[in-house]
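In the two complexes that follow, chain A is the common piece, with chain B as its partner first and chain C second.
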Partner chain A sequence: MNGVSASDLVLLLPELILVGTCLVLLLAARPIQANRAVPLALVGTVLAAVAAAVASGWLLSRGAATGFGGMFRVDGYSQFFKLLITATLVLTALFSVRSIEDEKLPRAEYFVLLLLASTGMMFAASALDLLTLYLGVELMTLCAYILVGIRVERPKSNEAAIKYFLLGSFASALLLYGISLTYGVTGATDFGGIAQALSEGDGENPILLLGIVLVAAGLAFKIAAVPFHAWAPDAYEGASTPVAAFLAAGFKAAGLAALGRVCLIAFHTESQLLSMALTGLAALSIIVGSLMALSQTDMKRLLAYSSIAHAGYALLGLIAGTSEGTSATMTYAFFYVFMTLGTFGVVIALGERGQKLDGYQGLAVQRPVTAALMLLFLLSLTGIPPTAGFVAKFVVILSAVRAGHTTLAVVAVVCSVVSAFIYMRVAVLMYMKEPEEPAPSRIPMAISAALGLAALVTLIGGLFPGGLTSWAVAP
Partner chain B sequence: MIVPMSVVLGLSAVLFGIGLFGFLARRNIILMFVSIEVMLNAVNLSLAGFSWHLGDPRGQILALFVIAVAAAEAGIGLGLVIALNRNKPGAGVADLTQLKW
Partner chain C sequence: MTLLSIQTIFYYLAAASVASALLGVTRKNPVHSMLWVLALFLHVAGIFLLLGAEFLAAVQVIVYAGAILIFYLFVVMLLDLSGELTRPRFGRHWPFAALAGLSFVALAWFSRFVDSVDGRLASTEAVATGIPESSTDAGALQGSVAEIGKALFGPFALPFEMASLVLLAAIVGAVVLARKRIVGP
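Take a look at the complex of A and B:
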């Protein structure tokens, strides 16, 4: 291992931009808090995210590279997820305008936490070493604990944050023990070294198996796959809606990125064990997520269970342990992020009324455009063509069938039909009921713009299904 | 090495088990949190032991990072507990019942 050079630091450019913006926002927190008219922090965050996205693209155009003694990897895979994470950051920041105003959140700190969490996610997507993986994942989770509990005066928010914190720290301890056991058996923490030690090793070692299972469990917690999902509905309900959207979209993307690289590079010799574990996680997530969503009346809880089911679908691609399968998961993650952010965006746009399922009654009469957008996102979440959700579900289920998991594919399709009931219930309320509540107040510009962007990607993704294939390349 | 590796590994497993049991059995938020810290320290012990056994410094470096992250985690956790206590003085895990199913 050699020292850190300037060329190593260049690889960190997108992350450095985000962290630099954090520092500026923190230093300027007081004027930002005092100046109510101009959303300075919002503009800064969006600009930083765009700059980070451009920097990610520029790094990719220079070709794949590894830095920091083999701990940090920049390649098509990592930059794909980084673009996705910056998109999540931009949309979340735009969605936040109203809740910051209404709930009197500390605006500089709120955006700093969003930026830092995104930095952690980017680190996790680029991690080529268990140490960087752990640090990235912890950075994003630590920021998320505060974001969930940022409405300090609300008991519900306190409760959600405490529950999330206790379960999250517990999962981190499991992940760490897994990392430690893997290190003890293989003598390496970098993914390449682990893979080499495993291929030379004499096979079955119970300590190693325990280590791999613990690492997979710790990462499964981050994407809220069953049975590590208990935190998600509580955290989403207790958090303000933009934060819930950020957790649902960003955490899934970063967790899947980390899980994909760990499965495909570090532990690829143990693909049998991993495939078994992931099959269980995927099947349970899809079934439990779809069934539990059926009885929900709180919109954020409903979307939380829906996001759990979607985590299961995304895992279908990783089961195969091939690059085609991983690229299917990448496609799924991409479209999932936009359609979920879009759905949450409509919930945010409706304000208090959007929190409860009954609030959607007669929305089509009062706000035809918002209702039409919601319908588009719901169709996409169900997986009906010509929306991006169909393309996403199609590629992951195809990958499961190719890997020989036909039963699992049948379960996925059946649960997809069950989930149609959940999403169409909202559509029926919007289009076939008379409005009972007064029309929601005007939607701020920023939220409309973000909704439009999410809808655009959801539509284009469905109309040009091949558009992503050249981008979604496995590591 | 003076202490055999299996003893270090066994001790860390026992410590981790104590933390795990404490986390699952306790109903006080602070004590659950302390149990998590015990688990993290069990991990640190095993990391340092492995590092010594393998003659490779990486494990100890990892342990240092874990200590730093655990400190940050403690700060956030205690902050959240204080925020909860302002709204509901003396609340335990059994009182966290607003969010269900």
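Take a look at the complex of A and C:
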């Protein structure tokens, strides 16, 4: 292993763009804070995200490559998730315009934290070594703790951030324990080295099994899979809605990216154990997420439990331990990100009124377009054709059936029906009740644009179900 | 240095470590306890230095003596010191804590019979002199500051820089969370 060369640095281009923007924003924090008319930081963040997406595409067009002594990988898999992460960043940044204004948040620092979290997610998606994986995941979680608690005047926000921090640190410790045990047994932290040591090893080693389970548990916490989900409802409720959207969409994408690569490359010889662990996580997440969402009246808590259930569905693809299964999970992650961001976007667009379930009464009369968009996202979350949500659920359930987990597939379908009840309750309120509250104020341009983008992807994904298959290629 | 002077220094450092650890546990005034723990940390750093592990010695001083102990002192200063002095020094569970400590002593005793580098049982000669066979050449190189520096900026440059990003996020977070409410211009 040598030092760093220029060709290694080129592979980091998307991450370097985001970090560079962070530093500029930090240095220009005062003028940005003083400048109230033009959202400079917002424009900068969106441009940086677009540039990073373009750079990711350009790197992919040069072919797959590995850099930094085998710690960092650029391939179709990583660039797929990087595109998804930059899209999450753009939509979250656009959604944030109103909450930054209303809550008087520090603009520059808010966007710096979003950018740094996205950088961490990108590292997690490209990591080919447990060290870079851990640091990437840690970077995104650390930023998330701060973003959840950034509304320092609100006790609820502080409480949520502290709870999230304590549970998150515990999960990080689990992940770190898992990594060190794996290193102890295999003598390697890079995925290739681990896989090689495992294939040469003498089979069952209880320490290794513990290590694998701990790594899986640490990553399951990041995607809020049951039983590592306790933080999600509180954190989402305490965070401002755009931050909650960022957590729900971005964290799932990055966590699944990391989990997918770890399962498929590093621990592929132990696929039986992993498949068992993932089956448990998926089944519990789907069941608990769907059932708990039933009784929620707070919209963000409802969406938190919904995101827990969706984490379970996304895991269905990874259970098979094959490339087809992984690309099913990738498809799921892609559509899930856009439909979840869309749903959160409507909640943000409605302001205070959108926080409570009752706030949606009679929305169709007052705001027909917003209500129609919400209906589209809700249908997609339920998984009803012709939305992208149907395509996503179809591929992962198909993958579970092919892997021989028919019972799990049946559970998934039954819970989809249960979740239909949750989502349609909102639709019924919007379309079949008389409005009780005054119409919400005008929706800012940025939020409308982001909503339109999310709706477009949700619709097109449903109408052309084969569109993603050539993209979603497992590593 | 001759073997005798090294041994003399080692026995001084070892005895002082044990003594300051005992004093740290038994003092009634928490601030005195902390100061004895500081003495313990510095003596342990001396032992590391004696073994050729300069990096570990520096980390011991900077992280433990510098950062963690000061952090502890801050917490201790927030406590009710005078009330603390009147209460009994040990809680009801001290036998368990003593047992845990004694089991560490036992572990350290038995580890003398295992070669520290490759885990084999050491030869009786090595046990007698107290110097592990393979630690003299390979062990000294592994812990040296130069080797660690080369590794950090060579093969581990990416994780190193990523750790600096994590620190940047922590600093931004500290500034954001500790700020006063912003008054608009």
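One rule holds for everything that comes next: the second predicted complex is superposed on the first by the 475 of 475 C-alpha atoms of A that agree within 3 Å, B and C clash if a C-alpha of one lies under 4 Å from a C-alpha of the other, contacts with A are read in each partner's own complex, and residues count from 1 in each chain.
Note that a residue touches a chain if its C-beta (ideal position, glycine included) is under 8 Å from a C-beta of that chain, and two chains touch if they have at least 3 such contacts.
These figures come from a predicted structure and were not determined experimentally.
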item: Chain B versus chain C as contact partner of A:69, first or second or both or neither; value: second
item: Which of chain B and chain C A:112 touches, first, second, both or neither; value: second
item: First (chain B), second (chain C), both or neither touched by A:361; value: neither
item: Chain B versus chain C as contact partner of A:145, first or second or both or neither; value: both
item: Partner chain(s) touched by A:237 [first = chain B, second = chain C, both, neither]; value: first
item: Which superposed partner A:153 touches (first chain B, second chain C, both, neither); value: both
item: Touched partner set for A:135, first chain B, second chain C, both or neither; value: both
item: Touching partner for A:169 - first (chain B), second (chain C), both, neither; value: first
item: Partner chain(s) touched by A:181 [first = chain B, second = chain C, both, neither]; value: first
item: Shared contact residues on chain A - chain B and chain C; value: 131, 135, 138, 142, 145-146, 149, 152-153
item: Sites on chain A touched by chain C in the complex; value: 1-4, 8, 19, 22, 26, 33-34, 36, 68-69, 71-72, 104, 106, 109-110, 112-113, 116-117, 119-120, 123, 129, 131-132, 135-136, 138-139, 142-143, 145-146, 149-150, 152-153
item: Touch list for chain A against partner chain B, complex; value: 130-131, 134-135, 138, 142, 145-146, 149, 152-156, 158-163, 165-166, 169-170, 172-173, 176-177, 179-181, 183-184, 187-189, 233-234, 237-238, 292, 295, 301
item: Chain A-touching residues of chain C, taken from the complex the two chains share; value: 153-159, 162-163, 165-166, 168-170, 172-173, 175-177, 179, 181-182, 184-185
item: Chain B residues touching chain A - in the complex, by the definition given at the top; value: 9, 12, 16, 19, 23, 29, 32-33, 36, 39-40, 42-43, 46-47, 49-50, 53-54, 56, 58-59, 61-62, 65-66, 69, 72-73, 76-77, 79-81, 83-84, 86-88, 93, 96, 98-99, 101
